[in-house]
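Working notes for the structure below.
Labels for the chains are A, B, C, D and E, by order of writing; each one numbers its residues from 1.
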Amino acid sequence: MQTVTRETLLDKASALLASGEVSRVLGWKKGEFAYDVTPAVFESAEEMEKDFVYDIFSGANFSKYLIKETAKEGKVLVFLKPCDSYSFNQLLTEHRFDREKVYAIGIPCDGMMDASTVKALAPEGLVSAERDGDNLVIHTLYDGDKILPYADNLPDRCRHCKSKKVVAYDEMLGENGDVVDSHRFDEVAELEAMSEDARFAFWQNELSRCIRCNACRDVCPACTCEKCVFDNPKSGVENKAISDSYEEKMFHIIRAFHVAGRCTDCGECSRVCPQNIPLHLLNRKFIYDIDRNYGDYMAGAEEGSRAPLVNYKTEDPEAADVLERGDK
Amino acid sequence: MQVNESNIVANEEFRPKIVAFCCNWCSYAGADLAGNNRLAYPADIKIIRVPCSCRVNPMFILRAFQRGADGVILCGCHPGDCHYTSGNYYTRRRMAMLFSMLNYLGIEKERTRVEWVSAAEGAKFAATMQDFAEKVKALGPNKRLEDLRCKQ
Amino acid sequence: MEKNKTAALREQILRASGVNPKKCMRCGKCSGTCPAYDEMEYHPHQFVYMVETGNIEPLLHSESVYKCLSCFACVERCPRGVEPAKLIEALCAAVTRPQGANHMTPDDIPALLDEDLPQQAIVSALRKYMK
Amino acid sequence: MMKKCPVSALNTVLTALSGVAPLYLPVNGKGKDTRAKYTKYEDGMIYSTALNTVRSAKDFFFPQTENLVNFKVDGKNIEIIDPREEHEDFILFGVRACDYKSFDVLDRVFLSEPVDSYYASRRAHGIVFTMACTRPAETCFCTTFGIDPSEPQGDVSCYMTETDVYFDAKTEKGEVVLAKLGDLLADCEESTVNEQKELISSRMKALPLSSLSTEAFGGDKLDKLFDDPRWESLSESCLACGTCTYVCPTCQCYDIKDFDTGHGVCRFRCWDSCMYSEFTKMSAGQPRLTQMQRFRQRFMHKLVYYPANNDGLFSCVGCGRCLASCPISMNIVKVMKTLSEEAEDNGSK
Amino acid sequence: MQRIGVFVCWCGSNIAATVDVHAVAEAAKLEPGVVFSTDYQYMCSQAGQNMIIDAVKEHKLTGLVICSCSPRMHEATFRKTAANAGINPYMVEIANIREQCSWVHKDMPTGTEKAIILAKAAIAKVHLNTPLTPGESKVTKRALVIGGGIAGIQTALDIADAGYPVDIVEKEPTIGGKMAQLDKTFPTLDCAACILTPKMVDAAQNENIRIISYAKVEEVGGFVGNFHVKIRKKARFVNEDVCTGCGLCTEKCPQKKVPNAFNLNMDNHRAIYIPFAQAVPKVAVIDPDYCNMLKNGKCGVCAKVCTAGAIDYKQEDQIIEEDYGAIVAATGYNPISVEKFDEFAYSQSKDVITSLEFERLTNAAGPTAGKLLRPSDGEHPHTIVFVQCVGSRCASCAGKGKEYCSKICCMYTAKHAMLVRDKYPDTEVYVFYIDVRTPGKNFDEFYRRAVEEYGVHYIKGMVGKVTPENGKLKVQASDLLADRQLHIDADLVVLAAAIEPDKSARPLATMLTASMDTNDFFTEAHPKLRPVESPTAGIFLSGACQGPKDIPETVSQASAAAAKVIGLLSKNTLKGNPCVAQSDELMCNGCSSCANVCPYGAITYVNKEFRMPDRTTKVRRVASVNPAVCQGCGACTVACPSGAMDLNGFKNNQIMAEVDAICK
């Protein structure tokens, strides 16, 4: 199996930039520390040589940036990990960007770290972290090095990876994987098995932390409205900040509903939440309900597929039956 | 004297606020038929006319709870009978998803309901409303999706 | 008093049987189908009609109540779901439980009220005297 | 006179403190987020020694939402109601030096004329116990802004070693509170924490961001910085969420909105973010049309506009919260470092 | 800010008895924007309407709230009133304080309290109303009649006579329907064929009528005035234009064992057949399930004998697509299956038959050439028992019978009984009835003649059971008036089976988006005032598909439906419903969710150039709604996550205002 390294990507991108096939590259730019990698647009091989990184923190999903990037002149190269490629397809389905202006390179992925996950493992004085074979090595300021199994310490979205298959690309680097079952609905099922009261307490604790910073919405590749209803004074639900425990519930229910059937479960919402609210559990609930009641559906698996909430079957179950199934 | 006493009791009794969204062609007509036939149901239920059950946005339902509703029921034509062919099929999916989500967040599932009532089912309309109002009343006031600012 | 008693009896029979005789459209299919028809003085459709109109006394003294075979053919075939056999069964029960005959109805209570009488006593008496 | 108690007796002290006034302190969270957040003290709670709370301490003086006035509508009559309740004293325990400094930044905004009475009232009733940072994080750069975490200010400043907790009253308010604790605290020499102070200072010097300089910034750098072409590339991946502004201890922008409650109107203010496209929108539109302009606004405000109006004081305290929470890891440090570099060839864009 | 007038109707005592109308009017006065409020006895009366017009003028009202009966009743009335008063008709909102308030609540305080809330909700909504103007669409001047029975034929003939082209789609190979199967008709006893077949021929010869037989409607799109319909014409394997209907093939075909559906399978015909002598079109048809040639390619006799060369074994189904301005449903009825009624032994004995089978048995063109013979042994029956209400008025027999009265059975049974006694006076005829219902011109006289002149034994009571025994049918029944149980040895038992709508009606209704009742009869737009229209505009109802009917009633309804169709087709354009969806292009991001859910295909996308706030331009894909095609269901408004889609007349903010007012 060909291993995809920073050098592989760099060579590929440099060649495409040199040939004029693409004029820009959407890639990860190194930061101050190991974990603060920033999505960036590179315009030359030199820039990339200097700042491009590809390591365990190259987790950001670039798909949504394509809306902005394809509006510009020239073609843009984008690297798509499996989960990014689902968002890519979903955005295409919704006519959100011009496919002709993108050169997509698929890259395999076996799980990416993110800042909050690693920081949780070393809360005080995290210097850097890297992967060493099957291990994650964390260097700290005060407590020396920590060596932990890599796979077991991945963030939730990667531990419960839905697919290792890149579903859209012009060129695949490395070997493409398959759709996998990693029990991503287990946690939803656990919540469903709780009593109404317990579920309420759980979500009350989680959602009450929301500060309405909108990071979940702004990073979400399914949230691409010209103007979000929550920003639109005419919508009747516009609000800038939490004012009452109702508001954040309203915000998250509506947001989850709006992306229901369109959410590709990329997990960016939970990754970016500064309050560590497990927002993916809301979206996954919808996906789980859709799969159980209307047949398996994976948004973005196929370009042009019809999302379940803008579709129906005459023999669909009644709301009461769906409720019964979701409350064990 | 006795009248006054019973009045006080009645005032203290919890009276739920219930919003019923009814599609114009079937359920609203069914409600009218219940009226024609003088089939009583609790006055706690107030009907909002919409052209089709598929007009009902989840935001309306959350809004109702925010503003103090204790229960929301959505009525439409029977599946297959939608005046607009398919509206209620979309409704069925949307509301199944929404209500399932509300319940997932711990909101009592008896507070929400979807019911198909045809223009000919005045009796069913009245019976459904009676039953829904009783269930909501038994649950007591909506605390889990309330907006304290809207409480008087 | 007599009228009250009959009404109470009727009520009791209807409640015990769960039958609503008003649903009957007098088609006579129950009697048409009844295998014990010839044994009976009053026939299934008459049971329904007589209970409905409150003319129950003759039924109580008729052998007919014991002639029903409980084959439930009338229940099966009644187009309106009246279930005559259940009504006859309830009538039969009312006759065969002589102790159960009501000595008192809730309407009798106001006359018996006494200031010193604990309310519980009235309730328990009513329970005792109402089967 | 400095006072101390053994670490094992801290909970007894906290309980006593909570008897003086409601006490808020960092406690590790329950549920999915176990990081520290300010929590109202109840018996048995454990003080979290985590360096920073997720949200800053500004919440206590400038809450995210605050009702300003209510209008009650009855028929065609409108009644105006002031929803404020009398504030009582409260104690904030465990505030870090950077957060304490942020109050200074906020004070200059809210306590200058016209005084914001909502904020002023809260400030007047708050008693702040600061805590020296024994284990500063890699994201800390408070020293860049002249803050010394070994000498935290506040009504009482505290130090924590492995064995003892030290309390040093800095104000009269602080003295009064400590006095109420009576013999729960033992007297000790001020020099006993010197070793601790030195440790902190040396650790601060070893941090990766210790060399970060404000040299290129300040009230007089407006012309040089405003049109710098590098703002474009710095802001290009910004999502326009408000995370940085909401976790920031010094961001103080707010919006005033009306909420129709059905039987009246509740006028409240809530935090707003200069990152939002709707920010300060006026009838003629918003003054900053692109995300680059909005992004630039935030950093120019912290590093240029604010110092220009406030005797050179920067409105960043180097707490590092935004470094940890930005979804795309763009932050003030990267901005400062990039803009401090001499532009290689101006106009590369 | 609107200037709102509130008008509270007493509706005589209908509202005023349980709602303190004055209190409602007073409470409304306190609402913001309300500048005038009053109550009146009958708001819908001329005087009431004048009062509204005067108030509009005097108080310069911009919006009206009428607290009255259901908007389904008088919304149109008050909209006209508004127009007459010079304000836009869509500035009117109705608070339904009759059907949904005064009629369902008993005490005054409750009714009044609710009425006030409903009024406030309407006021809140009208605040946000905007004037709306209906769009216009063209009318295709062609009608489609679905079903070629007497109802469909009559409707088609009437429409054609008015000069409009009309297509009849019939699922059988011939038009004629149930009536063609009947022998005589009540109460005049003239022969059904004699009065029906001339009409069938008329239809065939009318140049405005096209008969599409052996066909079914597959897809219906569009809307009133502009329906687009796909019709599948099944392959009959005979070239319709060439076949002369000589019938030679139907005699030579070697496959003789094909059950004859026209005779209710009581005899057989060949694999190639003409349903009956007067069939229209008189064209043979091959049953592919039985034809040896089609099944295994061995035979070809019919092709050999056909001098016209009309046989075409390779014929395929044909799809006809056509535009129509109006569609008439005339799908008719069928007797229910009586097999589930075990007590009548229909499945156990051939001599227990249904009334329709009886018709064929007495019809000269039927399996017995008109002689009344027992199906089991071909003997003449001497005792015949007719059982009425088999499956009708049957509330408890779920899945077996129907709760409604089938209406026609009393009369045809009298007819059958009379005909038997007339032809075979030696036959004893018993009719068991629950009630004899004869409300119709000359109906009761007819029934009395059966009893008085023909000596038919009418017995009040129901048959309990029928037991086949030794070639006889033992009938056990009750005679309620004599209070005895009867036991009759019958030779033939005829069951008056309930009738039900044809099974094709339900899927058709779905395609037409026409509503149906629980029994699958089409629902009328109004049970009394609009009995021949479906609530779906442009769909009309003819005959028994709307409810049980006899022939005269069917024909009158058929003509009435035709009149409605003619009225529609005579218009060149139709004014649309202005309550249609509208997309806010500034908000729309072109994701296509709305187009996915639109049942009418009313949404298309265009690339549009927008000036951005920073003065650059940007081309974006945005949704655009065709107001003539949109029917205003609102499905798109919920599918749209950005809230760019809204529905005129039921805007998001209007509904939320109602919610707010109700939950206050």
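By definition in this document, contacts are C-beta pairs under 8 Å (C-beta built on N, C-alpha and C of every residue); 3 or more make two chains touch, one makes a residue touch a chain.
Please read these numbers as outputs of a predicted model, since none were measured by experiment.
Visitor: Which chains are in contact with both chain A and chain D?
Guide: B, E
Visitor: With contacts counted as defined, which of the two, B-D or A-E, has more C-beta pairs across the interface?
Guide: A-E
Visitor: If I average the Cα coordinates per chain and compare with the overall Cα mean, which chain comes out closest?
Guide: That would be B.
Visitor: Go ahead and note the Å separation of the Cα centroids belonging to chain B and chain E.
Guide: One centre to the other, that is 30 Å.
Visitor: Could you give the separation in Å between the centres of chain D and chain E, each centre being the mean of its C-alpha atoms?
Guide: Those two chain centres are 71 Å apart.
Visitor: Please compute the C-alpha centroid of chain B, do the same for chain C, then give the distance between them in whole Å.
Guide: 40
Visitor: Report the inter-chain centroid distance for chain C and chain D in whole angstrom, where each centroid is the mean of the CA atoms.
Guide: 81
Visitor: Check each residue of chain D and list the ones that touch at least two other chains.
Guide: 259, 262-263
Visitor: Scan chain A for residues touching two or more other chains and write them down.
Guide: 202, 229, 235-236, 243, 309-311 - these are the residues of chain A that touch more than one other chain.
Visitor: Among the residues of chain E, pick out those that touch two or more other chains and give their numbers.
Guide: In chain E, the residues touching two or more other chains are 597, 639, 652, 656, 660, 663-664.
Visitor: Who touches whom among the chains?
Guide: Touching chain pairs, listed by label, are A-B, A-D, A-E, B-D, B-E, C-E, D-E.
Visitor: Please name which positions on chain E make contact with chain B in the complex.
Guide: Against chain B, chain E makes touches at 70-73, 96, 98-101, 103-106, 110-111, 113-114, 117-118, 121, 506, 509-510, 513, 515-518, 523, 535-536, 579, 597, 599-600, 631-635, 637-639, 647, 650, 652, 655-656, 658-660, 662-664.
Visitor: Contact residues on chain D for chain A in the complex?
Guide: So the residues of chain D in touch with chain A come to 29-35, 37, 50-51, 54-55, 64-65, 135-139, 203, 206-209, 233, 236-237, 239-243, 245-247, 255, 257, 259, 268, 270-273, 276-278, 323-331, 333-334, 337.
Visitor: Please output the residues of chain B touching chain D within their complex, sorted ascending.
Guide: On the chain B side, the touching residues are 67-68, 147, 149-150, 152.
Visitor: Quick check on the complex: what are the chain B residues that touch chain E?
Guide: Residue positions touching the partner: 17, 19, 24-26, 28-29, 31-36, 38-41, 43, 46-52, 54-60, 63-64, 67-69, 77, 80-87, 90, 94, 118-121, 126, 150.
Visitor: Touching residues of chain C toward chain E in the complex: what are they?
Guide: Where chain C meets chain E, its residues are 23, 25-34, 37-38, 43, 45-46, 73, 77-82.
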